[in-house]
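One structure is given here, and the rest of the page talks about it.
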């Protein structure tokens, strides 16, 4: 099979798993894990597209690098939010914090 | 020979991704889910290696495994539900409508996109040679300097925000 | 700037510490490596007690069976058996508590008890060393200096019986062995 | 036959496999040597002989220790997560082998001559903190949990000054290949980076002492506070693997320090490998010397040293280095 | 897969005691430090409630090595109780010897010959140095420094050798007797003690350089466990703990017993009352003890070592008595109530470690776990003395 398609399929698999996880998980941390899966899929797709097509190689690699930086920033922020949520509501269950009353 | 090794490596990495990903979304125990995530991360790093992008692979391990997953681990440790056990969550009821919807929401975009990818993929070029690190650096400080600066700003803002949120938590006590 | 100076001073204090350990590193060892070498200050160490033989007869203890050591011992680790010459049965030490104020003697200043007209014979003198706390009250309270400390610091054993020491047998054994040694020396 | 073997060894894959095998042997032997060395150094500093009974001068003591560890029962505490509990020591040990690959023991003796060797070591050594996390979490023990939390905070914090100090050297050499960096320093004693980057060397060494959880930064296993920290519950080889990993990481950071700052294999008369090993073990001796001299710092002090001193100093050093390079060119 | 360690608590009385706080806020962790723990130096258990690494509440739990010393005093005759005194506080056994012997002497009106008094001072102060040296090493061990304890032991071993000459034992001395001491000191003892005093004075700067001046140690001790004089009084703290807070109270000076009023010595005090001050006080006290020993050796008179007019039987008259001496850890008090028989009617021991330990719960509140260990070390607790 075409190697490009193979890599893209792996990336899509990650996306699917991430989507499934984000709907199925109840805790915020679990959702964060699912989001990381999807971000990884994005990075993989970017790199594969850049490496195996005539597109500029650097574009894909740097794009994936930026995705990683974004993931780190996002994880930091989400961690802080989760802590605040856990402090306020005593749980990180997404269902219990559906109200915005605070 | 090379071809075979590459296929075998791809298979191995894909297996890592699948097994890890399933563990990440299905394990009741959040720490096990995290281990699943880490397995997936390694799988993706392996795929980067396979595409002759070792820098990216190592960065993947350095950033994701060394930093992000450790942060997640902290989040798991610090959010203990009262009465319940930390790092343990009961997933939504199995095989209900929601489960079906979950599977569908995961499968639908993947299947649609997979069709597009499989149908309209351009022919893959033979693997280009490894991009030297210096060239990546030149690009980062040249054409992509805005993105580079933006991501730094995002990181700084995220850190500041996290610190602020943390302080608010202390005050709330 | 002050903080920088303070940090530098702190680093210097660490370096001073390192210098001291480095100097100690090359100094000779001060431990005594036991199985090969033993400590040499056991002369003043006071291990478990032993019976002192009479000056003229190394096989017979000096003990006059006044029971003071048995009575003073806080942990009751001395057992004494004796009989009066002519009487058929021996008298074992009273197994009950003998803490009546009439018999306890703190330590005697080496005053001999009143002379006895009956002759007493020591049948047994045992020390339960696992109970002994080496306080030395028995040695002090003995009016005739019939008990003394040994310098036995290396007493080890795997059973409790090892520490139940028959001091009378020990004394007689020692006397026999010295006599044998003396005989052997004379023969040589 | 011999020709075949050499041909196989010249092939990158064969070379790597051979290197991995050699490294595994080295890690094992090295564990024994360092255990002996640590105990002897401790003994001499405390003016006692150290191990003495098993074998001549106690040389077989580490072998006896290893035998004891191997023969012990592997107990899993009640309520522990078996998978995580036993995955942790393995995860702690596994990256060690990879970390050894890019280290240039001599101009020729390098497991794998990778361009990104430094990055490889940094990336894989980061796994150790994760292993400590799992150990702490999986043990179902409060002391372990506290130890794990400390280990993570410490590892994450000290990775930054470590990277900063390494970057200064990488800037100058323009390469992340340890062999190239070491090669750069073979032009006499003064070309050693420790003279051009003394501050970077200082930061690197302090940070690496902290990264390897060595005293005075051994908070994750602070025995007077946390009994044994993250490995409280481990018995037998579970503990042995953590132990071996700790010593291997010591060798790795000291080898990296040697290659980065101390001229690698550079030295007169003797072949390079001996110089390299001598420098590595010299640095390890200093680490042991620290351990047997200093008390332990407190946790907030540990983080203060990192955030208030090492990171600003590292940044300063990096900026100054960059400026100097710009000016010189 | 129980990871909520709090839920797994089987919960005896003391841990349940902490449970209400848990329900209102699930963020805390209850940790049992001890009964077997490297930092408690004995079988002491401290239950702490941790918020992160901060101690929210703590409570020491006693009684793990209760040996009924007080009760034993009531079933044994006066001389038979002597060996017990070496075992209440095994590190400063001679001070306890002295407290008990002194109480009985005071009750019976026995005068002690001057030579015996000086010998008591010399041996007791030597014992004090050895106790402080052990504390010094153990405290550094608490703070993660492994080597100092062995350096301290090298000096301590010499003291034990010296004390062995007269007492015959090395740790649990039973040397003092009603009206004197067991054996007279020998010339060897005097020479060795003189030599030790000289050498030890030269060793003290090494201790200072290695440890006291060390930045890490200062960071671990300064401003940790600040004990105000008022609080120290409230809990009845004595000894170096009290003096570290700036209260110059020393039984040897303020309720002089024996010949201490004839010897010149300073009472070192601290200012802030933190762990470092307690540390410095003990280090200074060792130098003062050396000073006392040197003076006592100079002034050592000839004569008996046991009172010649000692009654045959130790049966004090009816009455009660309280006698206190200054131990290495503080004021050691013995209260005796005699009903005129051969055994005490009641014997009460006031042990300094008990009062000093009671400080801990308040001092440790709000500190880091590592600081709590440092505080506990700086209080210099001897657990058997607490559970007497």
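Brief remarks follow.
As written, the chains take the letters A, B, C, D and E, and residue 1 is the first residue of each chain.
Following the convention adopted for this analysis, a residue touches a chain if its C-beta (ideal position, glycine included) is under 8 Å from a C-beta of that chain, and two chains touch if they have at least 3 such contacts.
Quantities reported herein were computed from a predicted structural model and do not represent experimental measurements.
Looking at the partners of subunit A and subunit D together, the chains they share are B. Separation of subunit B from subunit C in touch steps, taking the shortest path, is 2. Farthest from subunit B, judged by the mean position of CA atoms in each chain, is C.
Distance from per-chain Cα centroids to the pooled protein Cα centroid is smallest for D. Comparing the centres of all chains, each the average of its CA atoms, the largest separation from subunit D belongs to C.
When the C-beta pairs in contact are tallied for B-D and for D-E, the bigger tally goes to D-E. One simple way to say how far apart two chains are is to compare their mean CA positions; for subunit A and subunit C this gives 77 Å.
Computed centre separation for the pair subunit C/subunit E is 28 angstrom, with centres defined by C-alpha atoms.
Distance between subunit A and subunit E, defined via averaged C-alpha coordinates, is recorded as 61 Å. We define each chain's centre as the mean of its Cα atoms; on that basis subunit C and subunit D are separated by 54 Å. Counting partner chains per residue, subunit E has residues 1-3, 26-27, 147, 151, 154, 210-211, 214, 216 touching two or more of them.
Multi-chain contact residues of subunit A, defined as those touching 2 or more other chains: 87, 90. Within subunit B, the positions touching two or more other chains are listed as 29, 31, 55, 59, 67, 74, 80-82, 84, 87.
Touching subunit E in their complex are the following residues of subunit C: 9-11, 13-14, 16-17, 20-21, 24, 30, 41, 44-46, 72-75, 99-101, 104-109, 133-137, 140, 149. By the touch rule above, subunit B contacts subunit A in their complex via residues 10, 13-14, 17-18, 21-22, 24-26, 30, 33-34, 36-37, 40-41, 44, 47-48, 51-53, 55-56, 59-60, 63-64, 67-68, 71-72, 74-76, 78-82, 84, 89-92, 98-99, 101-103, 105-107, 109-110, 113-114, 117-118, 121-125, 127-128, 131, 135-136, 139-140, 144, 147-148, 151, 154-155, 157-159, 161-166, 168-169, 172.
Residue ranges on subunit E touching subunit D, taken from their complex, read 1-3, 5, 8, 29, 31, 37-39, 50, 53, 140-147, 150-151, 154, 210-211, 214, 216-217, 219-220, 368-371, 373. For subunit D in complex with subunit B, the residues that touch the partner chain are 81, 83-84, 87, 114-116, 119-120, 122-124, 126-127, 129-130, 133-134, 137-138, 145, 148-149, 152, 155-156, 159, 174, 176. Residue ranges on subunit E touching subunit C, taken from their complex, read 75-84, 86-87, 147, 151, 154, 161, 164-166, 168-170, 172, 174, 177-178, 182, 206, 209-211, 213-216, 218, 306, 310, 312-315, 341-343.
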